[in-house]
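So that you can tell them apart, the chains are marked A, B, C, D and E in the order they are listed, and the count of residues begins at 1 in each.
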Amino acid sequence: MTPSPPKGMTPLARREARLAWGLLAPTLISVAAVVVLPLLAVFWISFKPIGLADLRPPQVLIRESLRDRDGALTVEYRLRNSSQDVEIRNVVLTDTLPEGVRVAGALPGPCHLNDAGLICSFDSVPGGFRDRLRFAVEADDPEHAEELVELSEPQIRGTAPNVLTNLTFTTENFRKVFDGGQFLNVLGVTLFYTIFGTVGALVVGLMAALLLNKSFKGQGILRGLYLFPYVAPIIAVAFSWLILFDPFSGSANALLIQMGVTEEAINFFGEKPLALIMVTVFEIWRYFPLSFLFILARMQSIDSEMYEAADMDGASPFQKFWYLSLPQLLGILSVLFLLRFIWTFNKFDDIFLLTGGNAGTRTLTVDVYEQAFAISNIGAGAAVAVVIFLCLLLFSVFFFRVMSREEGL
Amino acid sequence: MGGISLRGVEKWYGDVQVIKGIDLEIADGELVVFVGPSGCGKSTLLRMIGGLEDISRGALEIDGVDMTSEPPSKRGLAMVFQSYALYPHMSVAENMGFSLKTAGVPAIEIEKQVVEAAEILHLTEYLHRRPKDLSGGQRQRVAIGRSIVRDPTAFLFDEPLSNLDAALRVGMRLEIARLHQKLDATMIYVTHDQVEAMTLADRIVVLDYGQIAQVGTPKELYEQPQTRFVAEFIGSPKMNILPCSVTGGQYHLRWGRGGKTTGHDGATHLGVRPEHITVVSSGGGQCDGRVSVVEYLGADCFLYVDAGRLGQITVRTSGDSPISAGAQISLKFDAAKLSFFGADGNAV
Amino acid sequence: ETIQFWTTEEQPERLEKQQQMAADFAEASGVEVEVIPVTESDLGTRTTAAFAAGDLPDVIYHPLQYALPWAEAGILDTEAATEAVDALGRDTFAPGVLEMADFDGDVASIPVDGWTQMIVYRKDLFEEKGLEPPTSYDNVRAALEALHNPPEMYGFVAATKVDENFMSQVLEHVFLANGVSPVGPDGFQTLDEAKTIEVLEFYKSIADASPEGDLYWDQSRTLYFSGDAAMIIWSPFILDELAGLRDSAPPTINDDPTSSELASKTGIVTNFSGPSNPDGAAWADVRFFGITADAETDAAMEFVKFSMDEGYGQTLSIAPEGKFPVRKGNADNPTAFTELWATLPVGVDRKAPLGDLYAQEMIDEIVGGLDVAQRWGVQEGQLALASKMINSQAINRIVRQYIDGEIDAGAAVAAMNDELSAIE
Amino acid sequence: MKLFYWGWLTGAILGALWMLTVATTIAVVMSFATGEAFRPQLWYCTLWGLVFGRPYDRPRSLLINVPLFAAVMGYFSNYQIGSLAFDADIFSPSAILSILTLSLAFLGGMRIIYGDLPSGPLTRHEFEDAVIRFLTGFGYIFFTAIVAIPFYVMVMTSLKNQQQLVANPLDFSLDLSQGWGLFRSYVELFRDFNFGTYLLNSLIISVLTVVITLAFSIPGAYAVARLRFKGQALFSRSILLIYMVPIIVLALPIYIAFSMTGLRNTFVGILLIYPVTTIPVALYMLQGYFRGLPYEVEEAGLMDGLSRLAVIWKITLPLALPALASVSLYVFMIAWNEFLLAFMLLDDPSKFTLTRGISSLNSSEIPRQHLMAGSVVATVPIMALFLGLERFMTKGLTAGSVKG
Amino acid sequence: MGGISLRGVEKWYGDVQVIKGIDLEIADGELVVFVGPSGCGKSTLLRMIGGLEDISRGALEIDGVDMTSEPPSKRGLAMVFQSYALYPHMSVAENMGFSLKTAGVPAIEIEKQVVEAAEILHLTEYLHRRPKDLSGGQRQRVAIGRSIVRDPTAFLFDEPLSNLDAALRVGMRLEIARLHQKLDATMIYVTHDQVEAMTLADRIVVLDYGQIAQVGTPKELYEQPQTRFVAEFIGSPKMNILPCSVTGGQYHLRWGRGGKTTGHDGATHLGVRPEHITVVSSGGGQCDGRVSVVEYLGADCFLYVDAGRLGQITVRTSGDSPISAGAQISLKFDAAKLSFFGADGNAV
């Protein structure tokens, strides 16, 4: 008989697992609340025909006033359906009449009085409904009647369909997203931006790392300096670039014109292909420090004896780079590539601040914002968000393949 | 084809002198071991020969040619590093062939040489593995193979075995000894382990704080140490060093008795190795003591004897010795095997 | 009691004036007013979001394009607005302006001030070459022919940045000039192909005479100020800086940033015509005080009434060059406010009344525009729909595609009809 | 390739390239510093670089060579055939300064680049060493330029007024006679634009974010790093996954939810959402750190009679202090720099963070030196922190992986 | 007060069984050493006793109380780790007093105990240093001091000396031996170094792949190994194992000659330790061979003899042996000291 492992957990193991879950719980709950729930919400909303204004379900708005028309006191309720086209059902208005104020004339049709006060019911209030309910009252103290009457706020209830929570769904949003050349265009721009931005940042970062991979005085300062673009607030650097490259009063143009590179000012962030190139260059500029940092860290962890062995083996500097450094860096480079790829794909602020998605720089993330907020079509925005999310899932699969090979980044 | 000579070689790091003027001739085909305690400058000296560190002062000749300021690639030496320093992303074959590849040797020729070297080192079946898929000993063999392929003027080894476990170390030590017999090449071998030094070396160079303490064959070093430092460094368990005085053919232990000897006037200490002490009945030897710990090792047994003010004396007896801890014994020194040292630590 | 007032006039000195008025109001009525600046481009989303959250401010100072859509969405309390206008007296307002805010007989929002869009041109150059003022498509083309000589001199600086309101405004003006509108009395109205193509071709010709890239008000002004543009379309807000009264946007045509030389060389046109519409049209923007659905209605109404009466002078003085009174006077003096306005100084770093800077007939031309001004959908009663069409920026996008040569004129018209018809 | 293995040829080519680099650099620097027109002349740079770029005779000192070379260059420049062209008079201080720096940089640089380069045939090593030294020099100039120029423009713009800048966008020289007037836009920012409040808001929010993030992520990270339970491996993976969800995708529903619950426009709302964007990062970083701590020390604590929680508190945390500092700094940086959520969720100027405040300065009506002054105000604290605590920051960045 | 007993203790990692049912009684005051090759489960077993790993199956009693599922803090044991595991943020005194502090002992009492322990371990002058300011040996002493202070039921040591260099290791080994004599406490000591095991242990437990191969005193293990595994593991240089057959009081080496023996029928291999072989003139011993390498060690000399198809045989001779590499010799085995093993590897 071959021995078999015992089933179940030992008491010590159970205690440890319980502690672990306890420690994880706050994080899990908060992350779920702010990441998982919103994600689900995005999926939900993407199937909803919903604009920003639809978030507030239609309701009946009411205003009460007491008019003194030539000595005759009249209470007036003005009712209004906040929506022009949605019907509100079972509308009931209730209000209490204050002490010393009595109904004097006939009540309007839907209303009646009981102990508590006035009740008016409507079966249904159609879209665009507006009405005034008036009735005469008499008061003991007409001077202060107005204050008294308006002190008691009228209450109104009614049920209206809420697009956000009801069960009407539509694929309209997705149809809109995929319709027309727009989507392919946006996708193309996104891919250009992502691929060149990522590769560029890696290559530039690699060069910077090669530059600083030796110890000399001031190396720390230079390293710190080269990290500035990444560490500074995005909004500050984005605006600096805009001002630097302003077509009319930017220093870059002035410099180029002065050096005779160009005759006319170039509208760096305003012209069709150039703007996309510029935002990509900005992306490279802003994120090369990160690749630089990682590559440098990896380089410094390469056993220096290996290079000494190569010295003994007679390898030249370029041979050392090509045959030794580069293969050793491949792992970190591929991990960086994938991570940066995903992050660049997700990038929003940079383009939003630089061009607002114009001049052919509208990426998927900018599209989310444009759809949801500029056009106030939340549903369409959510649909784009879903598309993004699905793309990312795809990348993540790749990512974990590579990651498991290059564990312990 | 592989003589190396050092002339007044010095190494300074800023104001600190790490190698203090070394003169040494290494003959072609000789296996020389640099040994010494940690930090004494063994690696530095080796790396200076290899060209990985500059020589601050002095000259280095290899095969009669001055190489003092040539880069490593021009010296024609091969080095085996303590951490193996294999290229982790290359297969064993690529690792071994790399030096030829950088020199532009055609692929077929490289292959031939690599296979040849791999056969010598029994690595043939691992040629396509990556270093990380090899055991420590195999890696060390690849590192050696990489040197052999280059057919160098001389081999430099920097503590090649210190990352291996005890059993493997013994095995690899033997292999290196056999390799030396076979290749008949000049080898310089650095270690801090005196056992390795003793067992491998044609000649041992004992370094002490950047200076040569003694150069000689293992036997010379063991039997005629020229300084207390060498005497204590070579041999395990350590030589016992006891204060004494010598007058007219007689030595006299402080806090103990004495015996006959010849010469050695002016000595202040005598050295006696554990195996040159015999246990005799109380009062019969040069000094008395109480056995504090007995270490049984099978074939041998080490007695740590507490000899009062003389301190602890180590005695080696055979494994079936009946003495146990707490016994009161007397120790008799073999008069012919004693070493005597003066106040300056040199042998007299 | 405290009410909130959102304003798009967010520069510190303008804000200060509004806060001053709010303080005056607080003294008069006991109601505190919190003045909150909102960037104009965010106004739409922010208001909608606040509506959704149920925390709308009480009063919003907003441009025309939002008046009817917000009324429809239930954001504005049209009854309160009507009541306020009635209390101020309908007849004290410029008639066309109330019409713009008409919401089924109510007033969606209370009109406050307005301005007309102008073609600003270099009178000196026109005179030099013997050109007619740019009052029509043909005149403009003729001028382009004579004056366009880049990079020293661009004939025009057209608006080409599709997400800027500025482009919508300029385009609407050019469309109106040729009598083309996407809305009719029953809602969407197919754009007349022939007329629209005339518009497109004209726009392309001015775009071709402009620098490359995404242009909007900023480049127009910068180029005109540096003497590198012959014509631009701009709002009257340019009048003070044109005269060198503002350091942050100085004329750079000569070395003296405070000189009014450029102003003296400048002519303006408000009424503009195309071949199919010889009468032409002016384009006006009107700003409103909207009272919201969540407002403390009475206090809000009081505040609006105050700002339109005792405080009206302060309201206008924020930037008199771009804020013409739409309420001409009060019951006592039907022209009280027009008179007051003429004395208000303009400028930021230096100040002077407009009358000191420009000839009277030019001022009359500017102000008179407001009476004949048009907007899509106003006459047809479809302003709300028209606003949505404009806000969708579809026209901007398609025109831009046409200018860039991506589609031809016919396709552009078809595309516009297609996209606009989908908006309801 | 073999063709180039000649000292004089390699030297000449490197000389031409180096001359181009140096001349362009000096032209840009001088233009930015003085606003005067300086141009590198492509063809003359190449020509003079080829002519003078031969392996340097080492014994002669720079002290003699630089003035000599400068005289020659100045002579050429006077006839507009020098490497550097300028409109200023050849004897004007800026012209002299630029010619002298050019000479020094060219000769000094070449001297370093040549190293031991012989003028005859080269070995591969010698050739590559020289090329690498050139590339290194070029690299330092290139990287320093691309990093420093935007920041230079940012700072200088904030100190000038718009009118001067429109007149000559290259003239960043400061009129020091204004004294404190130089900082006019800063004064106005704090006086008229409430930047004091924004600064405080940013500080409060960032610090609270750090505190909350740590409070949540320390226990979580410890559990993932150290305790054995089912799903542990899955967890350490999925932390990274959360990292990959784009903020804009989350921002949309959060915007909706916050709008409907009235959390928009409140510090509470911001403090609910900021930590959640930073917790995954912190969790990932901390679990890495915790894994790196020697487990045996904690086991020693267990053997010494501590419970698990006591081990975390008394042993792990004190040991992880440097790590906590790194994580805190990194989280602080994220919170401080955060723009998108602040932009979407904050409307009320009294609650603006700095980044949100800056974005409200981006208006046609506000002079852009204010915008740049605002940017400087937001950048300086984070830079100061960064330079002061570079070690922790760099560590934080490296461990924080690739959050961007 | 410190007996420990293991009853059928097993450890499973998922489906892999690492400890395969260990039964062991450790008496109070005994020093037991777990020894075995790397990966055989020594550390795991020790950690299970300490409570740092769960016991998958089986039971553990300490002092007669069942402790199988108690957390470490309740077991009253002290452990010394290979990496010392000192608290780097505390001074030496704090490190040593930490366990008392967690137990709520008053500060004065803690101080007293710490000072006492520090005296035993000669640490008094370092009490205020941080661990990082100590040498390796001092750190190891602090780690031991930390255990002593607790006055534990038993001490657990996990390869405490393996991070020290050779010379220090010998010294610390002696100190631990003395400490054991002095405290007279139960100690379990894990090492993979058979020398340490032999010299320290009262009893040695040899582990082989999670199972006990043999338990006994060092002498028993050296002289009467019960399996080939133990025979080869204990003793350095290794015991020579040669194929043979035994019939009727006579053994016969394959490819060699034989000799007399008693019993041992059915043995397939014999084992002979290097010191039980003597060199005789050619043809005079049990087998012949050629000396391939001579390792001179001062007191001893190891001859590696190439005995043809029998393989390599190691012989120990004295340091002044005149034999050199290449000599043709014959080897004679000491009949009384031979071990015989059957086909299953067990002694017969």
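One rule holds in what follows: a residue touches a chain if its C-beta (ideal position, glycine included) is under 8 Å from a C-beta of that chain, and two chains touch if they have at least 3 such contacts.
In UniProt terms, the chains line up like this: A = Sugar ABC transporter permease; B, E = ABC transporter ATP-binding protein; D = Carbohydrate ABC transporter permease.
What you see is a predicted model; the values in this text were computed from it and never measured.
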- Touching chain D and also chain E, the following chains: A
- Item | Remotest chain, chain D as reference, centres from CA atoms | E
- Query: Where the centre means the average of the CA atoms, what chain is farthest from chain B?
  - Reply: C
- Sort out for me whether A-D or A-B is joined by the greater number of C-beta contact pairs. A-D
- Compute per-chain Cα centres, compare each with the mean of all protein Cα atoms, and return the closest chain. D
- Message: Just the number, please: Cα centre separation of chain A and chain D in whole Å.
- Response: 26
- Query: Cα centroid separation between chain B and chain D, in whole Å?
  - Reply: 52
- Between chain C and chain D, tell me the centre distance in angstrom, where each centre is the average of that chain's C-alpha atoms. 42
- Query: What whole-number Å value describes the gap between the mean CA coordinates of chain A and chain C?
  - Reply: 32
- Touching two or more other chains - residue numbers and ranges from chain D: 125, 166, 256, 259-260
- Check: chain B positions touching at least 2 other chains come out as 71, 73
- Item | Junction residues of chain A, two or more chains touched | 13, 55-56, 248-249, 316, 373
- For this structure, give each pair of chains that are touching. A-B, A-C, A-D, A-E, B-E, C-D, D-E
- Message: So in the complex, the part of chain E that touches chain D is made up of which residues?
- Response: 50-52, 71-73, 77-79, 81-83, 85-89, 98-99, 102-103, 146, 150
- Query: In the complex of these two chains, what residues of chain E are touching chain B?
  - Reply: 38, 165-167, 170, 173-174, 177-178, 181, 192-193, 195, 198-199, 218-219, 222, 234-238, 273-275, 292-293, 295-299, 302, 304, 316, 319, 325
- Task: Within their complex, state which residues of chain A touch chain D.
- Result: 13, 16-17, 19-21, 23-24, 26-28, 30-31, 33-35, 37-39, 41-42, 45, 55-56, 164, 207-208, 210-211, 220, 222-237, 239-241, 243-244, 246, 248-251, 253-255, 258-260, 285, 287, 290, 293-294, 297, 316-318, 336, 339-340, 342-349, 352-353, 365, 368-369, 372-373, 378, 381-382, 385, 388-389, 392, 395-396, 399-400, 403, 409
- Note on the structure: Contacts from chain D onto chain A in the complex sit at residues 27-28, 31-32, 37-40, 124-125, 128-129, 132, 136, 139-140, 143-144, 146-151, 153-154, 157, 165-166, 168-170, 172, 216-217, 219-220, 222-224, 227-230, 232, 235, 237, 240-242, 244-250, 252-254, 256-257, 259-260, 272-273, 275-276, 279-280, 283, 308-309, 333, 336-337, 339-340, 344, 354-355, 358-359, 362, 368, 371-372, 374-376, 378-379, 382-383, 386-387, 390, 393-394, 397-398, 401-404
- Task: Note which residues of chain D are touching chain E in the complex, please.
- Result: 294, 296-297, 299-307, 310, 315, 318-319
